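This is the structure I have questions about; it appears just below.
Naming follows writing order (A, B, C and D), and every chain is counted from residue 1.
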């Protein structure tokens, strides 16, 4: 089996592994008050020359979303998100469990549109009986569907938030992949558009860990208290600092994301060439192919992937590349895709044969 | 500075570091559904021959307490704990934030006594206007003050819980140290007395990670859902499995705890010999010495420790040993303690001199 | 202005007012432990011969929903409801504030269909990454749109709940109006289909107060504790008992609901006769008419009603009758509706005139 | 049985009952947006000439405390209270259920002392590992033990709050009784000292209802949203307005509280004259007598009271007067107290007789 199941199935990039070994017996103060966290924060800050940020580290993504949203919202304030948003679909009700309603809007491409956002705000504000205040917009970039917001889209969402006294939060579980997808903005722009966001380590070569970046001064105080209360301060916090040092010291954060994106692009282009319909056209390290039953049956024992959804009689699968995906595996995958397509075409041409086979 | 500040200031034991390197590029399924978690659970289960347990892994301690207590308690049910309990003092209101009241009882030695527990239960049950049901007892073993429950004490607490249809939960952040403190019970006994407990990795040689053990069948279902909802399932869950394999495969879990306890014992005995009052007599890897101002002033720049509390005009400090504390550092510490005591005695004999020095 | 704004704009029916006066100086035990609550419970129980219920009283509707849902659900369990459900639209995020996610399904007539329910359950159960368990179905009967579930619909929803180990809860803010709408089932049937439900007093002639009926034995224990914790036990609880005695002692509960329904029916029939489109055809005391701008302008200063929504260039208004609506007001309303329709037709015939009028 | 069990066992004062009758068939807008609520707020505001307040009405006391504390506190902020505080002892964990930790301090007389408050603040602020911010002080006036804060005490608590950027909240379930207890301050002073407080109707002659007064501008916005989300906005909100009109239109609020206090004072003085020990010397409508077994046995079938606590071999009972307590009942109670004391003295003189009786 070749592995294209996800980007959190392997350990960490070499520079991080090396740091962990080298510093293993050092003695550090606890709870993220160490020099490595300070250094990692400094490295991230250096990518945001136009903003002064508070930076914190948390072990995992759902926990990061919970802490940030608990920190920002008062009880009567809601978060608006795409209906495909991670917080709305894959976090086991964690946001509601911390007391907050999520207003979801349809988002076929994974992106919350400006129009949807305006409508969601209007619905709440114009209805006195809602007794709710729209206060936070949550988007993921790259999205859960592998797509990436354009500069214009982000500028518009940011402007709507400012107009409406709301905050913009970006879940950056795959921020590196978004930034390396060929778009015309940088982390420095993100920091200006968003009031707070996070930069994912887990899905881009760290063992674990995400970096929270708070740029809006109003949101800076007391974050660590909410973090502690959510069980989100690691005793050996320097492990998170070390890892983000490893990611940012030589821009490996960017290089590895580009590497993963490039491999995904090769696969996607080949899929198009072969005639596979795409469930979603993406520019990052996640791909979504539509398979017929024959293709699926052929590929499922050779490639480790995730079924995304069923689509009429077809099956949508997700393929994911990572910092550690080998070029050989990509070639092999492309060959399998070719063979699966051939088989499918052959079956179509002689459906009787297929039926006979079934008997 | 020699380091006796805590037992979570260093990386991990050699076998774990080696596993992390060896397995770094392997491809694993996510969220703890991998073979290493299964193997680690098997190893822990093998220590509990008389019980059939469900075993889960969580990255850090406060989060583990939150998940377990959220899992066990319905809204009207309370947890009873010592007033020194970690959940009552050092978790930033995390238990209350998840909706649950903690009833604390005075516990000068860090241990919840059977009498205190009976009293707390009686207070709630006999007062119809409390509208609360005592349902969970939380204890730490070893306690936050380095002490360890005796077999009789645990048997009695366990019996009271059973009598009152309550659950006994043990926070085992330093379970290894408790088990290696010379007591006459094992993890197998713990599993019979407690309905659920956790085994700390973070403070005994893992990079991070705690193992949750649920022995009461009524508490087994749905734990993973509560875990997910609390942001407590790690994407790269196999990292936790690997570490607990490292701790239990060759009983390093026990060996390293014994090592730390032994060093602490050397220091404590020397402190007694030198005439230092103990704030608490302990049998694990935490020590609490009472220093006068002279001793404190002398030691504070040579030894990295934590101030526990002030006691009249004296200062109580905590010293902690770990799997990685060197014997040389222990010797050096003992010498410093000797010199600090000499200095203090000299000052007492010639208080005028001291006062002059102060001018 | 004639009043058709809502059914909670007036005091209480005569028998209740009389009881409040007569018993005013009596001395009662507090918190609903009095004889009147017992008697009221007995009267309600007498309507449910096939079921043995626990019955409690709470001052208001949103609070009742919060207490019941907090009581039933553990943190990982969700409630499924129509997207028009009161808990999803008009309770200010109260359910989420108590930690629970609501899964809403489209319901154009205000009714959750069996198909929608099956789909919602399937979505959660078939997706391992949801980490959520469907446990409760919430419906309102009569619905927020004035419609009423049929016997078959309720039987099917009830059966689906049983199949899936779920509970069925009915918000009966307008239960009396549903039962008096010409359907072929009674409160006794409701008690067999639902695991728990409530009977609204506020919107059917009480000053305030709703009766919670729990028929599923598994849900009976500890309700009062959750009620207290939610601030939902009234010190002078006997006031609630008295009012439900007033409602049920001589079946005024049913009589007044029938009275309100009948008046609403007169208005709705007249609206149909006059050619008003209905936004929703109802059989209870709420009506929804579609007005054009001319009709709206004419009626808005003569009739006190609520704007429900805008519909293209038209306006949907809600008219509500109550136990205290006078037949005279109904006649007057019908005349106004006639005149508004005439005006509208005249405008249509001579649009120029209209424009001139506008100048 | 003569009734001295509580002050919420009877209906309402005559002026309120009359208003309810007179206005019963009027048509009012819902949810407290009516003229009566406005008028009641105006009347209360007129008692606070030096302050501009926001005023809201809620049906019951525990719910009022929950809404106010949820409104004020962010998750990392705690409320400090006496260990006898209603929120800490008689609300079924409602504050914790809404996510907030209560720090309680010992308070033998029911009053939180300035020293205790300073200590509680110091404990949190000086301990970096608490991760909690003291933000709110909760006191009850009159207290749960019938005592009343002095002007100096309130000024000092208020000053400490201001010094520490904290808010002072007063639970005024028995505010009227406190103000009529012979102290040298008024509601106008309360409004200057407290940032928010409530005025109890339920325990001083209303059927139900408490008035929330918010004087600190920072706490005014969004209160109604938190109120709605907590299920604390009554559909027929004008009922609350009417009742507070009834209480304040002719100062009946004050007159009835004075009446109840005066009767309590007669009883307390008689108890002292007869030689009964007082558990607590009070100046409001609650009294706490210490009875021996003989006295208790004699009184328990003649007087309806509450057992407060056991005290060695004695029993502490609570007696409560209300707006509706009759002077005849007070006389009868005093006679019973005399007879109980005689009986007790006789038994003491001839203990053998008593013992024989026991056989």
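For this structure, a couple of remarks:
Rule of thumb we're sticking to: a contact is a pair of C-beta atoms (placed from the backbone, for glycine too) under 8 Å apart; a residue touches a chain by one contact, two chains touch by 3 or more.
Source: prediction; values computed, not measured.
For chain C, the chain whose average C-alpha position is most distant is B. If you average the Cα atoms of chain B and of chain D, the two centres end up 42 Å apart. Chain A and chain B have centres, each the mean of its CA atoms, that are 35 Å apart.
Chain D has its Cα centroid 53 Å from the Cα centroid of chain A.
Counting only residues that touch two or more partner chains, chain A has 75-76, 91-93, 97, 99, 131-132, 225, 228-229.
Viewed as a contact network, the protein chains are fully connected, with every chain touching every other. Residues 3, 5-6, 8-12, 17, 20-21, 23-30, 59-67, 91-94, 97, 202-203, 207-208, 225, 228-236, 239, 304, 324 of chain D are the ones that touch chain C when the two sit in their complex.
Those residues of chain B whose C-beta lies close enough to touch chain D in the complex are 75-76, 78, 89-93, 96-101, 129-132. Listed in rising order, the residues of chain D touching chain A in the complex are 70, 74-76, 99, 131-133, 222, 224-226, 228-229.
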